[in-house]
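Structure incoming, see below.
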Amino acid sequence: MITIALYVTLAMVSAAALLNVYRLVKGPDAPDRILALDTLYINGIALVILLDVALGTRLYLEVALLMAIMGFVGTVALAKYLKRGSVIE
Amino acid sequence: MTLSLVVLLPFLGAIAAPLFAQAGRTAIAIASSVPALLALATLFPMWSTLAEGGAIVQTLEWLPQLGINFSFRLDGLSLMFALLILLIGLLIILYARYYLKPSENIGKFYAMLLCFMGSMLGIVLSSNLLLMMVFWELTSLTSFLLISFWNHKQDARRGARMALAITGGGGLALLAGILLIGRIVGSFELDVVLAAGDQIKAHALYPYALTLVLLGAFTKSAQFPFHFWLPHAMQAPTPVSAYLHSATMVKAGIFLMARLYPALAGTEQWFFMVSFTGMATLLIGAYVALFKHDLKGLLAYSTVSHLGLITLLLGMGTKLAAVAALFHIINHAIFKASLFMAAGIIDHETGSRDMRQINGLWHFMPHTATLAMVAAASMAGVPLLNGFLSKEMFFAEALSLNLPGIWAWVPPIVATLAGIFAVAYSARFIHDVFFNGAPRNLPIYPPHEPPRYMKIPVEILVVACILVGVFPAFSVGPLLQAAASATLGGEVPDYGLAVFHGFNLPLMMSLAAFVGGLLMYSQRHKLFEFHARFREIDEKAVFEAVVSWVVERARSLTALLENGSLQRYATLLVLSAVVVALAPLWGMTLIGSDGLTPIDWPTAIGAAILIFCTFATVYIRRERLTSLIMLSVVGLFVSLTFARLSAPDLAMTQISVEVVTIVLLMLALFYLPSWTPSEDSKARHVRDLTLAGVAGLGMAAVTLAMLTSPFSSISDYFIENSKPGGGGTNVVNVILVDFRGFDTLGEITVLAIAALGIYAMLRNRELQAPSTDGQGHPWAFDAHPTMLKQMSRPLLPLALMVSAYIFLRGHNLPGGGFIAGLITAIALLIQYIASGNHWTQARVNLRYHNVLALGLFFATVAGAASLMFDYPFLTSTFTYLTWPVVGKFEVASALVFDLGVYLTVVGATLLALVSLGKLTPTGRPMSRTEARQES
Amino acid sequence: MNHWLIAPILIPLIGGFLQVFMGYAPLRLRRTLGLITTGLLLASTIILLMMAADGSYRVYAFGNWAPPFGIVMVLDRLAALMLFMTALLGLFSHLYSMGRTDVDSRQFHALFLFQLMGLNIAFLTGDLFNLFVAFEVLLIASYGLLLHGDGKQRTIPGLHYVVLNLIGSAMFLVAVGMIYSVTGTLNMADLAVTIPTLAADKLPLVEAGGMILLVVFALKAALIPLTFWLPKAYAAATAPVAALFAVMTKVGVYAIIRVYTLIFGENAGALAHLGMDWIFPLALLTIVLGMIGMIGSAGLRTLVAWQVVVSVGTILAAFSLLNEAGLSAALFYLVHTTWVAAGLFLVVDMIAAQRGSATDKIVTAPRMPNRTFISVMFMLGAVSATGLPPLSGFFAKLLIMNAATPGVAMAALWAVILLSGFISLVAYSRAGSIVFWRNVEGHINNPEKLTFPHTVGAGALIAMSIAIVVAAGPLSDYTDATAEQLRDASAYTSILDARMVGEDES
Amino acid sequence: MEIAYALIIGTLTFAGVYLVLRARTFPVVVGLTLLSYGVNLFLFSSGRLMTGGQPIIGSTEVYSDPLPQALVLTAIVIGFAMTAFAVVLALRAKADTDDDHVDGTRRTDLPEEAKHTNPPREETGQ
Amino acid sequence: MTAERLGFPQPWLTVALFVVWQFLADGVSGASVVMGLILAIVIPQITHRFWPDHPRLSRPWVLVRYLVVVFYDIIVASITVTILILNPRRPRPAFVSYPLTLNHPLGVTILASTISLTPGTVSSDVSDDGRLLLIHALDVDDEAELIRTIHERYEKPLLEMFQ
Amino acid sequence: MGSLHPVAEWIVSLLLLAGGFFTLVGAIGLVRLPDFYARLHGPTKATTLGVGSVVIASMLYFTLSTGEIAITEILITAFLFLTAPVSANFLAKAAMHLNVERSEETRGQPWEQ
């Protein structure tokens, strides 16, 4: 039961990732691409948690936690670059 | 080791002599003559041994591996040369005392002269060929310094360099020749080599060895076609010319041929190479000498000619010829040295060496003129002077050569012809200088006799000319006998050292030369006109031109190869790796025995995204920000790959590092153009695509082959020992902080150094920041938006908490000091981004240098703790403690090491990022209000 | 446990981070500490040299983990020689830097010491991956050092150097991966044991890995066609850095010697002497290229930089003769050329500081002050580098030429070596006579005074060429013994049996 | 799985090499980053691929090879340090040469050697 | 050192951190309590300088109610937006300037976050003077209605807390 | 997979599917919505309900299958809740700064940056 749900979910998240890649390529502007990247990070988080469930371990949760932190930092830095050029000033 | 003392003394003198520089020229001259006198005194008692044809050999081991030893040999030949070197050397020392001006660096001059003397003695006394080689090249070096003594003159510098290039280069050939001889014989000791003459001559390498040795000898002794350096070396002060270029150094090549005579001579190759070279040199030197207006030039070419004569004699291969050669060595040294000194006196007293200016000096310096005329007569071969005797022997030998057919005529004719020229230029030396009207435009006028003592050396030598000329057997007979015996290896033929041998063919030739020479000189104007039709070649200019040409060619070739293009260098590097790796991999089985495993859809999609975004990063590379965003995706999916394939630690590290890298790249992108121009040619694109494609395909193939082949590794040990031996269940972490903790120490050192290097590189650098972004939008004003600022405040303690958590669990679960450090760094980085450099720095209150140094300190201390128990560095220990409430928990020393890792990462990352951030020009408006105030 | 083995690593490490702590301490204090550090380092390497002289292998197992599981440092004659050579070079270059160079940045001493640390790890390590780490330590420090100093001239050469080495590092990892994927081990002794036992179908990966490794080492050594980054980088570096860099190419050479005598040595079965047939012709070509570069040099720094290229070719040519005599000669030459080239870099720097705007360019300039001392130093260095007697270069080249066995290879080797000597002779005499003797009217503004750090730093390194001659016997005995030790890889592999602390005596 | 993995490494290598060979500093740095991703994945896979075999003792039955993971971790960190340095160096090159070309400002009007052969302006006496 | 620095400069933060630690430790145990306490006390000591204008919550129980409301809204609005996305109908977007009553920056931030978290609205900007909040709404008929809803449901409770 | 009560299995499965669904819808929104500002709403779904459901599923699954409390996941969601609005805000500001295209129907004006 869970196995099936897990795989369907995995498929949906993967499909979501593909769609995000579409937006990443399409743009048209940098904010769109950054947004797509941010969303891909979130997809990544979901994928890692799903992996954890699939494996029945809890050893990858911190990977997901770190992805959340790093995705945020990356997005903020990119957005700041667009606005100000210098990320740290 | 008395013989080594003989060699050593002049060198010691060279060190001592300059100390007397303050005491005046006389003092230093005396000081300089002491070593020579002492050396003579050392040699004197050995004469008795040598007179019977014996030899004294003294050996001290130096480098037996090389076959090079301090072994010296005194026999007739070396004694003859040693005496020439020392006796003429003494006269030169005396002469130079008056020749050099007090203002000149006389200490340096004498020091170098003595060095040269020692080197020459080394050559002639060495009993080891390699040792001789050492001294051989030393004479090249010291003569270089002596010729360029007046190094403010361009001619002197060029002459010196040319001499060094030719003789030094020839020396290298000689070295090769000697090494070959050593190969053949198995030793470099002269005794062995000389005894192995037959073996050498029969050996397949003999032609090479001989050619190389002769190259050395010919260059040193200014044989055609290498003769041209010698006249240009005349830029040296005259004492140097007199010493080096008449009596000693140029004879080193001759000496070498004589020394190796038993080992190398007596073959056809020897005969042709040596005698023909000698013959050519004899003629060319004699011919050119006549036309030189420069007094020293005339003498120089005359020397070339006489050196050719001696070489020719040695080349003839008969024993009598060899004896004649030896005899002429002595005679030439005596009369030529005196002639040079006389020329030096004339130069000294008239300020000129040009025979077109110098005329009628008989009137002004009759004493000097007399001396010079006697010496010149000896050079011409006038009877009752020493030059006559050896020349007669030469004529006799020229006649006795058994060449087939018409060739038999060649040597006598050449000899006579050379004799004619010799008489002519000698006549010119006498007539053109001392008579021939009055001086013209002399810089110093009127000239007068030089100081009394300056003439003494000349007088002594001229007396020697006469003494030998009249009493040959009495004066030089024993020495010549000993030398001949040593040269020929025992048997010395019967030769008569008489003044008069009767009216024979040689005498006729002498007569012919004499008459012909005078006739020729009387007709000199026509000859000069004839000669003037040929453009005179200045060999020095040619040499310089050749060197310049070579330098230019080399320069352009270098510029062509080393063109400063990173693209080329990188291509070469990648290409090299591809080429060498492809060869062994070609035809390798792609799919090994383990076979393939199926792939699930999500993984396939992930892989597809990764591959796609990688290509996209490349495809869109000219749009830099987009490329960077694509790169982020690649980084994210690499991290997911690690997670997917059982590496949580790697996934965490990858994702953290990737974000910091992106931030770094964005910091850089602010200053760099946001577009890459399209500038590479199509050909280059194709080339690079091909190369990259081959590299990529190769790596893919290797990966596939690798992944499908069976495998076992040392890792089972780590898995088994991680818990019991390392006290942790996270094997990767235990490897990092324990099994291979040293790698980690190196790794954090790298990180620390990189940060320090970045800091140092950016310190005091000003970067031009663009005022708009790539599309021309001016930057926004709002630097620190409220929401981010507010959110960043609680984020810091939270992130530190997470960081502490990741750090503490690292030994047993995914995590560890490195990742924790990056989280801390990023938490602080958010503060910098949200609230600015100034605000954050004021609150951090730390120098990141100290943080990273503290990290290294902790890591080192943690590692070194075990040293106290005599366990190796980085040995870790752990124990389990039980506390109330807390329960049982583990305390591991590796945690301290990991703390070092943590601190280093925090310090290094922030130092690097903040250094970059500090580059931002200050004074940019931070808010709309500020902007309004600005405008 | 013989803790001396890690002294050459810990001393500069500790000295290094102390320097970082003391970044804002008075310069005098930092210099004193720096000199103490390099002095202690030299002392420790002398002790190691004496220990290694007995011909045994000493193992230091970090963390008390037995090889092949833990990382081991292995001291043998080769390692000790390299350590000593580097420490001596380090001390005098460091001293020289205190004349002027170290003022430019507070990080200089730390970087300098870390660079020494990286070098020492590279010489001692018995682990392939740790060798990579060592390379990275010494490289990153060298990047920092190379870019040290005012002015813009070193930026682009530095960039090239960095990028090429980053590619090289990537290749190193690929090679490690290839080798590990088959052998399952990283310990060099273990690799030496494992590789001869591999089945034929497993060889291609190891062979490819070994060859890529060779490319990486050749890049470090600046062997043709990977030479071109060197001249500009070395010529642009500040003098003490360039002097220290004289040993950088030798690290590549060292790695080649170590890996291709031990792992791919004559006992490596199908992979014996892997890639060595490439090295000999390339080494000769490298010499030729270096010659061309030398003769065409427009500046003294470039001249010496090309000299470094020539010497790399010479060492590798001798090594690739693949006999003990050649190896011994290569090592003898290596020691000589490292010190002398370093000394020349320093002397050239002193020259440049005396000549105003002419700096080190081979052009006429007003007569320089302090000419006597500097010109004597230059001449000694040039004579030695050229290989003329009576200085060390002559004996080194003699040993190399002696090592060749008759044949085409010998003819080529001799011809190239002698020709390189001739070309150097022409190049140095031309350069020297222009720089020292061809003067124009005028005077130099603010020529540098000769200072103790400069004269002693440069003088000592140049004087080493005399010292080598004096000690030529013992030195060549040592290199002979080293070559003999290296040839017998099975002795090295005995370190796998080393007993750890606390293990039973039985 | 192996084929996909091999393709990933091949692509990363291709992209890395191609970008490293470009003429501007930024793509070169991006190329180095991609190259190091590829290399790290390669080194990682030298211990073979496994799902759910995280080398945490007690978490699974069969563990994947921990050693390459540790090596890659070290390599990632070192690669990060190196990339950081290269990035900053690219900036400095931009500042010093006013261009982001990997060879600095290319002056085609003056050949390299011409700069040296001209006699320098002497500091003649005042 | 002031007593505050030695004690709990930000007591709520300390509590929050303690709770977070229990979450990180996957539940409460002796060890996690001890460690959590240590860190929850130490970390604010280090970071309090980074949070100089830290808030003083006046009515914590309001927070609970607020969270419940927000969660409910998230779920409901998500479904609405889902329908909107999957529907072929083109949405009716609008930029809405929301006049703020709150003046504490953290309060404003929380309000803006809440608005963003509930699907269909994104807080796009806060004016420099902190009086206006720019909201982008994905599909809205009546801007005034939106403003009123936000004020009632979110800003009021926040005003209670950040008095 | 450990043994789970069937009801729990259903709940976990439904939560998982919901998570996947909302994530997918977010992505579809990102593709379909007409302008950047509209698309900015998409990820909020993935963030909030998408990851939120998956996280709850995971917590339930582990807590119920092992009998030990498993709550770390909640921090991930908490973190996303904290940061996603900031990201969105920042991106919107960037978009306004760059003056990206808006769909014609949009009422109101973005602010000048």
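The chains carry the letters A, B, C, D, E and F, assigned in the order they are written, with residues numbered from 1 in each.
Definition applied: a contact is a pair of C-beta atoms (placed from the backbone, for glycine too) under 8 Å apart; a residue touches a chain by one contact, two chains touch by 3 or more.
This one's a predicted model, so the numbers in the text were calculated from it and none came from an experiment.
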{"item": "Pair of chains joined by more contacts [C-beta pairs], C-D or B-E", "value": "C-D"}
{"item": "Central subunit by CA centre of mass proxy", "value": "C"}
{"item": "Distance between chain centroids, defined by C-alpha means - subunit A, subunit B (Å)", "value": "60"}
{"item": "Averaged-CA centre spacing for the pair subunit E and subunit A, given as whole angstrom", "value": "22"}
{"item": "Euclidean distance of C-alpha centroids - subunit C vs subunit F, Å", "value": "57"}
{"item": "Subunit E and subunit F: spacing of chain centres that average the CA atoms, whole Å", "value": "16"}
{"item": "Subunit B, residues touching no fewer than two other chains", "value": "555-556, 564, 566, 570, 574, 644, 648, 667, 669, 699, 702, 706, 711, 713-715, 718, 739-740, 743, 747, 750, 753-754, 757, 761, 780, 782, 785, 787-788, 791, 794, 798, 802, 813-814, 916"}
{"item": "Subunit E: positions in contact with at least two other chains", "value": "20, 24, 26, 112-113, 123, 125"}
{"item": "Multi-partner residues of subunit D (each touching 2 or more other chains)", "value": "16, 20, 25, 28, 40, 42, 45-47, 51-52, 54, 56, 59, 67, 71, 74, 78-79, 81-83, 85, 89-90, 92, 102-103, 113"}
{"item": "Touching pairs - complete list by chain label", "value": "A-B, A-D, A-F, B-C, B-D, B-E, B-F, C-D, E-F"}
{"item": "Contact set on subunit F toward subunit E in their complex", "value": "22, 25, 28-29, 32-35, 37-38, 40-42, 44-45, 48-49, 68-72, 74-75, 81-82, 84-86, 88-89, 92-93, 96, 102-103, 105-111, 113"}
{"item": "Complex contact set, residues of subunit E against subunit B", "value": "13, 16-17, 20-21, 24-25, 29-31, 33-35, 39-40, 43-44, 46-47, 49-51, 54, 105-106, 108-109, 112-113, 123, 125-126, 128, 130"}
{"item": "Contact footprint of subunit A on subunit D as seen in their complex", "value": "51-52, 54, 56, 59-60"}
{"item": "Residue numbers on subunit A that touch subunit F, as the complex places them", "value": "1-6, 8-13, 15-20, 22-23, 28-32, 34-36, 38-39, 42-43, 45-46, 49-50, 52-53, 56, 58, 61-62, 64-65, 68-69, 72, 75-76, 79-80, 82-83"}
{"item": "Partner subunit E, residues of subunit B touching it in the complex", "value": "782, 785-787, 789-791, 793-794, 796-798, 800-802, 804-805, 808, 831, 840, 843, 845, 885-887, 889, 927-929"}
